[in-house]
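Across the two complexes that follow, chain A remains constant while its partner is chain B and subsequently chain C.
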Partner chain A sequence: MHDTVPTQVRTVQITRLAGNGRWKMPTGDRLISLLLLAPSVVAIAVFIYGFIGFTGFASLTRWDSLVPDFSFVGMHNYVVLFSTTRFQIDLRNTVTFTVLFLVCCLSIGLSLALMLDRGIRGEGVFRSIFLFPLALSFIVTGVVWRWLLNPGSVQLGSTGINLLFDLLGLGFLKTGWYTDPRIGIKAVVIAATWQMSGYVMAMYLAGLRGIPEELREAAIVDGATGFQVYRHVILPLLHPITLGAIIILGHISLKIFDLVVAMTGPGPGFSSDVPAFFMFDTTFRGDNFSQGAGIAVIILIMVAVLIVPYLLYSLRAEAQP
Partner chain B sequence: MPRVATYTALTVLAAIYLLPIYVLIITGLKSFEEVNLYRMWDLPAAFSLETFARAWLGSESQGFRGLSNNFWNSVRLTVPATLLSALLGSINGYVLSKWKFRGADGLFMLLLFGMFIPYQSILIPLVQALRSIGLYGSIAGLIFAHVVYGIPITTLIFRNYYATVPGELVEAAKIDGAGIFGIYKSVMLPVSMPAFAVVMIWQFTSIWNDFLFGVIITPRPAVQPITVALNNLAGSYIVEWNVQMAGALLAALPTMLVYILLGRYFMRGLLAGSLKG
Partner chain C sequence: MFRRIRVLTVLSLLLIGAIMQVGWAGVARTNKLEIFSWWTAGGEAEGLSGLFSAYKRQYPNVEIVNATVAGGAGTNAKAVLATRLTGGDPPDSFQVHAGLEIEKYAPDRFLESIDSLYRSEGWERALPRGVLTLLQFKGHYYSVPVNIHRANVLWYSKKVFADNNLQPPKTFAEFFQVAETLKAKGIAPFVMGDKEGWEAGHVFEVVLIGVLGADGYRGLWTGKTAWTSPRVTEALNTFKRMLTYTNTDHAALTWDGAGQYLIDGKGAMQIMGDWQDGWFQSKKFADYGWAPPPGTTGIFDALSDSFALPRRAKNRENALNWLKIAGSKAGQEAFNPKKGSICARTDCNQSLFNAYLQSAAKDWQKDALVPSVMHGAATIESWATKYKDIIALFVTSGDVARTQTALQAACKDAKVCM
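Now for the complex of A and B:
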């Protein structure tokens, strides 16, 4: 690996070559290959890393109106942010949403995959049904579930899921859904799980299909029951898939925005508000750019804490033969 | 678990997963006289496309715009953006897999992180930058944003795909005198179709379904993509709920069709997104 050459050695080499006036400039196809990559590298450098840097800088300034004001205020915006009630609620909602969303998607996704992996008839049809909400926009999902979880009213009667509960004789299950501040963001978890659990199912199913039949057979020959095969052979082999799913779902839930916008908005007492929505409100409706930049940086840090270790780990795994 | 129980569980779950789609479709097909929030689950008595017509064309008397114009905005946005990002991803993937250079892996790592960043962390400077190059508020600006922020995922899929093309083929072409473009044309491109299908379906779906860039970059309703217009429609108190549902179905139609017709590639794109490609 070139990367493992110590920096010192590399510097020495370059100096020596430069000293001889023979620093190797890439030529021919090698030069063209670098030129082909250059526009993307520049775009990523500017539009991702440069912009992140700018946002970080803006969060340390007093830019709180349409006119940019770059006077440095240090951590002031963050101090204000963390003492703002709405932001405290948002962070709590993010934790609630992430935990519930992960638990629901992983358990439903795994159950679906295990059931579908038993060689049942019509597997393709079932798989398509569970996967298909993934093709939709969060906005579409939000609009539909807003009406499905609309509780109706005392005067006019129940509607949506509550009405369905009535029709099925399950009236005791009726609740106010997202109109009830005690439920709030948890109602959004239902819609998000409907949309994303099929994804987890597909990941687990791909993992299950990758497990050699001999392994199961060997376990059965050794006297393991069906349950034991799953518990001690299959499930441990699915751990990498679970990790991958946690990363994918986790980063989606930390930055969830569209679904909340279309389904509930911030809700009563910000009970379904999330940092991304607060960022949008603060920045593009309230024109408080430095404060909005601060929220953005915090969302980015949360995502990075989740993603970076995983990327390093999988890149190292890839590098090893 | 006995077989019968498995089938029962799967059937019940499938019915639950289909419920929202059931409501979406039957609501759209009911006439205005028949629509009733408190009889949401009843089948329509007669077939009517009245609701879809209103969602598509809008209503002058009620004073809201239909989605037709925004639907075509989304088409004008999604098609070029998809093609451009597939082309860019293919070139990047080719260079990163077959013309490796010192630091290529580190660069790839930086690229991958770009796939996961929350776009909130780049929105403020993005708006400023698009303003200064005159693309703010236009479909061209949206295309630009989608192509740039699509680079990581499209590059990842192509790089992983091209990595499976044997190096001997490339070497053989080199010995035959092919240059960097010749190898791309004669070795890589002919086997690239599956990767192009996966990338294009992935980009088509995510660009069509995008809301964040649309709502930030195009404030004018006449230029907005359909997701933004649908959200405005749904947030308006003068628009009936059945019209909102019909609008949601219209917005969902293209990606649903892609999923139904090309589901196989759709799956592969999903799994590529999880780095397992």
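Now for the complex of A and C:
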């Protein structure tokens, strides 16, 4: 799941290597490295790009049962998809989820990192505590948060967070969480943020440690206040980290599936449904393979819109001496 | 450096070789029987193992592989099965709802007709006519039914009804009266758990039967009753009003989670299939009553689990014997009392069954039979799935006009409505 970026970067580098200069029979180490790379190049060509191509092709056919039917129907599946209520809701949910998830993770991660970077005592302990959720699978996170955010009811009493509100005398804060169609996917954001913000914190912390102490000192000598040091020296230097975090979190959130399945399912009125879940439903439960392929292509395009600019940017940065 | 890489390459090649050996060993023919189903919980799993022991008694040398995939109404299992069938690695026999659900598996291509078994085993005499009609697809039989479930049952807490001097409602008017009384007492009048989406479709199917009657409901799936008719509007409005009496956490619960309300005496009524009977028993809860839901007295909304024979089954002989056992009196008597369903055959010994199942078996003999849509009997899977999604959306939107338009469109997509 987290490997999309490195894989693509790797292939791009391979093609660059292969395209360098005149072709000579490689010898020694070079031959070995080419031989060792070959299987994965072939595997990636077939199992990633080959299947992307096949999925794109399938989405233009009439394959809507277990028996493949490759008669060409053009954009018909996409027209149907975009007029399906469930898919419209899904797209809205994806945008809501991605934006909220990115904003929450980045802001919480950055604040935690900045606080830990002040050299407080027991930093290692805190760092581990914030990082631990990352070690869980989304399935576990989903189940735990399903219990925590269970709405409870008048007759059977409150549970989880609602119970906590009751005990603290904050009963008016109780809501239906993921069972309330107005909240829906936003409840999933809470769980996802809980899991991933520690990771963002670790990235920022690494970035902060990479900033030479001299820069801060120079700024202070020049008369900058603490806030100005952060605003004009530290934060600009953290930009590459932010970009990296957006890429990693963004492609997770656009493809999110396991967390939603474990935590809420499609939710009341599809309020927590996501395209990936709809794709699974359509393809493997509804046997509508062509429409499922259409959803997959749309997800791929969304991820590409996020990642391709980053790839181009990093390639250009690499090319510069 | 060079040396180490060479050693590593050789090692990894050896490893790959070893793994492939294991792979080939797995394909080797043995005397096995792989049965695919979604029966993993409580009584269901017990029923299945009852059927397994009936098989073992006759064929002790066959090793049974129990391939189950958990998930209500088989939603996950069907996804796995689809890939196995298309991938050319079918199980020896698999569970499928009797009825038009079989269309999903493209019988001409992936299944083997078992008409000859029906003749040699005399099933055409042992099974009721209604079930036989349900099982035929383009004039052929593709699966053997092991049981009959009833989808339209109103389960109620005897204690709640006795405390409030109430009778189970026979009409929707009575239902709303009862619900109003109970609501005032702080009891959840009508409990529902629709987390998985199909449960709402299940309840609405029962409401449709209650409002339109047996013939009207049947006609919806054959094109004789129009989805645009004012009576469908009435059913939607009735369902919408029923939803105002549900527990607030219905979207967080599955049907069995909702059943806890009845056990705790905090909820009064629930519409669910008769697998609820088995679930109550597994919870050691006895203080429940049952009645036909409003408007459905004398109508039996049926579904049936059956086993089919895929083409290219690896152990075809064993699978044929399995189907014979599944359709036999001994097999069904071993399976059904534990599963909490009645026999598909008419000659089972009734003393093996509990009070509810005996009453269901009596109704089965005399009631009008209608096929369940949410459980694969009434129509093809793609239409049933659309119906499910439309009703799940309706539970939160409450938009009657839009829902009715969508239901009509789904009927058109299935090429049943013009």
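In the analysis below, the second predicted complex is superposed on the first by the 288 of 321 C-alpha atoms of A that agree within 3 Å, B and C clash if a C-alpha of one lies under 4 Å from a C-alpha of the other, contacts with A are read in each partner's own complex, and residues count from 1 in each chain.
Operating definition for what follows: a contact is a pair of C-beta atoms (placed from the backbone, for glycine too) under 8 Å apart; a residue touches a chain by one contact, two chains touch by 3 or more.
The structure displayed is predicted, hence computed values, not measured ones.
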| item | value |
| --- | --- |
| First (chain B), second (chain C), both or neither touched by A:Ser71 | neither |
| Partner chain in contact with A:Phe284 - chain B first, chain C second, else both or neither | both |
| Which of chain B and chain C A:Ser83 touches, first, second, both or neither | neither |
| First, second, both or neither for A:Asp29, with chain B first and chain C second | both |
| Touch count on chain A, higher of chain B and chain C | B |
| Touching partner for A:Thr179 - first (chain B), second (chain C), both, neither | second |
| Touching partner for A:Gly267 - first (chain B), second (chain C), both, neither | second |
| Partner chain in contact with A:Gly152 - chain B first, chain C second, else both or neither | both |
| Footprint overlap on chain A, where chain B in one structure and chain C in the other make contact | 28-29, 32, 36, 146, 150, 152, 156, 280, 284 |
| Of chain B, residues touching chain A in the complex | 1, 3, 6-7, 9-10, 13-14, 17-20, 23-24, 37-38, 40-41, 88, 91-92, 94-96, 99, 101-103, 105-114, 116-126, 129, 148-149, 151-152, 155, 179-181, 205, 208-212, 215-216, 227, 230-231, 234, 241, 244-245, 247-249, 251-252, 255-256, 258-259, 263, 266-267, 270-271, 273-276 |
| Chain A residues touching chain B - in the complex, by the definition given at the top | 1-3, 26, 28-30, 32-34, 36-37, 39-41, 43-44, 47-52, 54-55, 58, 112, 115-116, 118, 120, 126, 128-148, 150, 152, 156-160, 163-164, 167, 194, 198-199, 202-203, 206, 244-245, 247-248, 251, 254-255, 257-258, 261-262, 276, 279-280, 283-284, 289, 292-293, 295-297, 299-300, 303-304, 307-308, 311-312, 314-315, 319 |
| Sites on chain A touched by chain C in the complex | 28-29, 32, 36, 64-67, 85-86, 146, 150-156, 176, 178-179, 181, 265-271, 280-281, 284-288 |
| Residue ranges of chain C touching chain A (in the complex, touch as defined) | 1-2, 5, 9, 75, 78-79, 82-83, 85-86, 104-106, 109-110, 186-188, 194-197, 247-252, 260-261, 264, 266-267, 381-382, 385, 389, 392-393, 395-397, 406 |
